[in-house]
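This is the structure I have questions about; it appears just below.
We just call them A, B, C and D in the order they show up, numbering each chain from 1.
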Amino acid sequence: MKRTNADSLRRLVLCCIGSLGLLATSGAGADPSTAGRSYNAEFLGPVLDDSLIQHGKETYVVAGCAYCHGVNLQPLGEAADLMRSPMVGADDNGNVIGPVVRAGFPQTLSLSPMPQYSDLSEQQIIAIARWIHYARQQGRYKELVAAPDRRGDAAAGRDYFARACSACHSTERDLARIGRTYDRQKLRAQILAPDALNRQTSFKVDRRGDAKSLGRQRHGALLENYSKEDVSNLVSYLQSAR
Amino acid sequence: MKRTNADSLRRLVLCCIGSLGLLATSGAGADPSTAGRSYNAEFLGPVLDDSLIQHGKETYVVAGCAYCHGVNLQPLGEAADLMRSPMVGADDNGNVIGPVVRAGFPQTLSLSPMPQYSDLSEQQIIAIARWIHYARQQGRYKELVAAPDRRGDAAAGRDYFARACSACHSTERDLARIGRTYDRQKLRAQILAPDALNRQTSFKVDRRGDAKSLGRQRHGALLENYSKEDVSNLVSYLQSAR
Amino acid sequence: MNVTRREFGKLALGGLSSAVGISSLGSRDASAATTATAGANRSLIEGVQFGLQPYCYHDLPMTRENRPLLIERLLANGMGMVELMSPWVEPNFRTPGVTPEQAREKLRQWRLNVAPDYYLAIKKEFDDVGITVFTYYVDFRTSLRDSSDAEVDALFRAGQTLGAKGCVGSMWLSAAQRLASFPGKHGMFLGLHNHANLSDPDALSSEESFIKALSYSPDFKAVLDVRHFVAANGDCLGFLERHHSRVASVHLGDRRRNNGRSTPFGEGDAPLIEILRMIRDNQWSIPAIIEFEHGTLRSGVEEVQLMFDYCKRALA
Amino acid sequence: MNVTRREFGKLALGGLSSAVGISSLGSRDASAATTATAGANRSLIEGVQFGLQPYCYHDLPMTRENRPLLIERLLANGMGMVELMSPWVEPNFRTPGVTPEQAREKLRQWRLNVAPDYYLAIKKEFDDVGITVFTYYVDFRTSLRDSSDAEVDALFRAGQTLGAKGCVGSMWLSAAQRLASFPGKHGMFLGLHNHANLSDPDALSSEESFIKALSYSPDFKAVLDVRHFVAANGDCLGFLERHHSRVASVHLGDRRRNNGRSTPFGEGDAPLIEILRMIRDNQWSIPAIIEFEHGTLRSGVEEVQLMFDYCKRALA
């Protein structure tokens, strides 16, 4: 058991869950997709639209991750903050998370030791990683949208763009004159949630590997790792593309 | 799926379960120890008195062993017959069963391949082994009790005694003149189920390692490996101890 | 499988209200014609047709005497489609005092001599309660060792008379080769069912072995057993992408890679949600036949319901 | 723990009929004297006293405001004994705008100045519904870094006023050493709770570290956390055999060896059935305090009930 300030931390979690609108107003039984099973919607939140992400969330909870790291990644006690972990930020489909989960993690000065979960299947690891990334993206999006838009450093934004965006975008081609098309606010919104990548996912064969799917994946990975400065810098750089 | 003659084999299983008196006459709900959980007593048999053995049985079933090897070790289709397996007979507390279960077993001419169960815990393996041995002992006991008592070979019985019994018994000391005390039938009964080892198990500290516990364990191991000839030979040898 | 997704859709309009599952037992006296079409719809979820491999009712011995109980259970689970295995249909000759060889010979003679009415009566049992017999599962592996062409023909005729679109068997490549000409004669397909065996070159387990076996006859189709394919480290989504036009159905269950154990849905390595969404999003006419071999303390009906509910949530 | 098994037994005669669990909520107005003794009996099963570590209600934040809900849940689970943790008792000073240091100082002052009546009123809440506060769990690990003797004394007084036989804390050896003289002053024991940490020589995790820590004071007792002991590859049955006279309680849960994960009861490496039968067969006065940390989609009440039922079956 980790009990350090667990009371206040739990309170925080419950608050956050509430404010995210995840607290079910009706009982689990009212949701046809949870009929007949014991699903604590009051605590876990209602079943999500995307069954893959919901499955990831349930796998994360049933494996026991939520006990220390929090259902929605608000850590309880002395557990790593997955919302801000750079290790998690570097993960792609479980390739970093998997080995850590399988091997466990020794105690550090500030964190309790993590048990090993060597018996999880590959798909369970992938499902857990899926939920962690989704929850990070949701959390980071809310945070960045709420952050005040400070004037950024266009030069730093150009460096970031070269490093993270230039494989797919160019201010000479697809983003030419983007600074004239969109004002700061709209540029910001597009960076955080590009209109072109609607949220509808599909397993249609001709869409599984298409540009939109890959773009969605890439922008998700960027989103969960943006700092407030990254976004402001990018906006300032793109504004200069006239 | 293994379907080879599965119909007739399953029928056999159900027959055997019935004849062992394991078929619950009332539903699972009537048993207070299964209240509130889904326990298919009609198929699995009623909850056993010894919770450790019942736990072993449930672990064996939930791990999936029963699907091919049968709840009560009557194999379905192309699975190894655990009731007669010498490998299982040589097992002590999972030391032989464990590695096989963990690694799986390749296909043979007569048997389907067995999956690997590398993710089971040590206690789960021990629990599974406990059920297998118990079921073997129950099965072998019924078989041997029902077998006609053919005249045995006293010399072979003496060899068997020297090999398997002499660590604890001697026809010079504790079993001196046993052939006068008991007739064939009673000797047989004592070999299969010694009166001195009542079935009551206990975790009292002073009994965990006592002679009766060890004797019970040893006689259980012998019982599940006796052939009909072994028993008849032993009887003939002990009868000669006058 | 000749019913297109569009037809599925049409049928769905009339049948969705019965999708609740339990207690369709009262509808037995409804006319066969309406209920038969409504049948498959009972388990048509978001455009994906579900059915059951009734081996799942591990607590119900497979005998023809138990067929009424089987039908009750299918209805209790809200199933409108079944893959029927021959032991539910044929008499059991393996009785005490009969040698395996004698029993085999009796079965052979029975198959060759039974009148079509026998199968028609069984078809009617399923028609009457609105359950579609999608496929007839026969143990070709054992039978082939000593089956004449006449007996194989009899098995296909049996499947056809039961209303099945195809026969299915767990298959070795050599057996498949011998069966190549049979399904076409009867206007059926032969569904090739894979196992996890990685060592036997004659086994049907990898994508390569499927490609080889499917090349033997245009009437062959893959019955992709997801559990075994995953245990043999196969890529289910890639297989469906590449071969969906030759896939008759998937046997839907979960297992772990590297010859791992069977697990409850969602605890193994089979990408079940992705498979179901792929079938839905591509509007493929590939029924998902639920099957499991993992251990449970629950009754078969309870366990099937948990898995079917998992699938419904996956497509919700 | 001063109640002998014989006393347990006597109490049981009067209390067994209430062992059904749910819906003892109506008994609140019964006199404290009778229900308090009946309380522990509510969860006395075959001579083994059960209680709960209410951390298990992971879906109920630990605050003093939630204490009424906690009590309701304990009753719903048929629990007559609890290990009460300080957050259920003390105010929470970690509110927005307050630094951790400020909150810590406010808590310290509160502890030093709160009147005994505060704790007596809380004791009465549990007495009134017949729940025994067996131990008071305090986070000595954090507090000790900056706790005065006066504050430690205040914590023991709090536990005593709540009716607890002892205080319990997750312990480092160095912390235990400092606390050696305190429990005796208050006529209590200090329960040392182990963790799975194998690497830190100051950690309480192995049998050796328990022996060392117990040697610091005759008033120290082991609170053997079975989960963590198993994860640290300890031998629970051997430990109980050798040290049962110094064991205050076991925290009963399941986990896998080699720093493995927590599991539902019966899926890990803790010999739970053996532990329970050992306590029963030896008539030891060692309560089994149920605690879990494994994941679940169920509510805390549902999950606790499953585990309690498992224990009842183990002793049936």
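Structural remarks
Following the convention adopted for this analysis, a residue touches a chain if its C-beta (ideal position, glycine included) is under 8 Å from a C-beta of that chain, and two chains touch if they have at least 3 such contacts.
Treat the numbers as computed from the prediction; the structure is a model and nothing was measured.
The minimal number of chain-to-chain contact steps leading from chain B to chain C is 1.
Looking at A-D alongside A-C, one finds more C-beta pairs in contact between the chains of A-D. Seen from the C-alpha centroid of chain A, the farthest chain centroid is that of B.
Spacing of chain A relative to chain B, judged by their CA centroids, is 54 angstrom.
Note on chain placement: the centre of chain A and the centre of chain D lie 37 Å apart, centres being C-alpha means.
If each chain is reduced to the centroid of its CA atoms, chain A and chain C end up 40 Å from each other.
Counting partner chains per residue, chain B shows two or more touched chains at residues 37, 58, 118-119.
Each of residues 256, 260 in chain C touches at least two other chains. Taken together, the chain B residues at the contact with chain C in this complex read 1, 3-8, 10-11, 13-14, 37-40, 42-44, 58, 60-67, 104, 106-107, 113, 115-119. Within the complex formed with chain A, the chain C residues making contact are 237, 241, 244, 256-257, 260, 263, 266-271, 273-274, 277-278, 280-282, 305-306, 309, 312-316. In the complex of the two chains, the chain B residues touching chain D come out as 32-37, 47, 51-52, 54-55, 58-59, 121-124, 127, 202-205, 207-208. Per the touch definition, chain C reaches chain B in the complex via residues 53, 55, 58-59, 61-63, 85, 87, 92, 94-95, 100, 137, 139, 141-142, 170, 196-197, 199-200, 231, 255-256, 258-262, 291, 293-299, 302.
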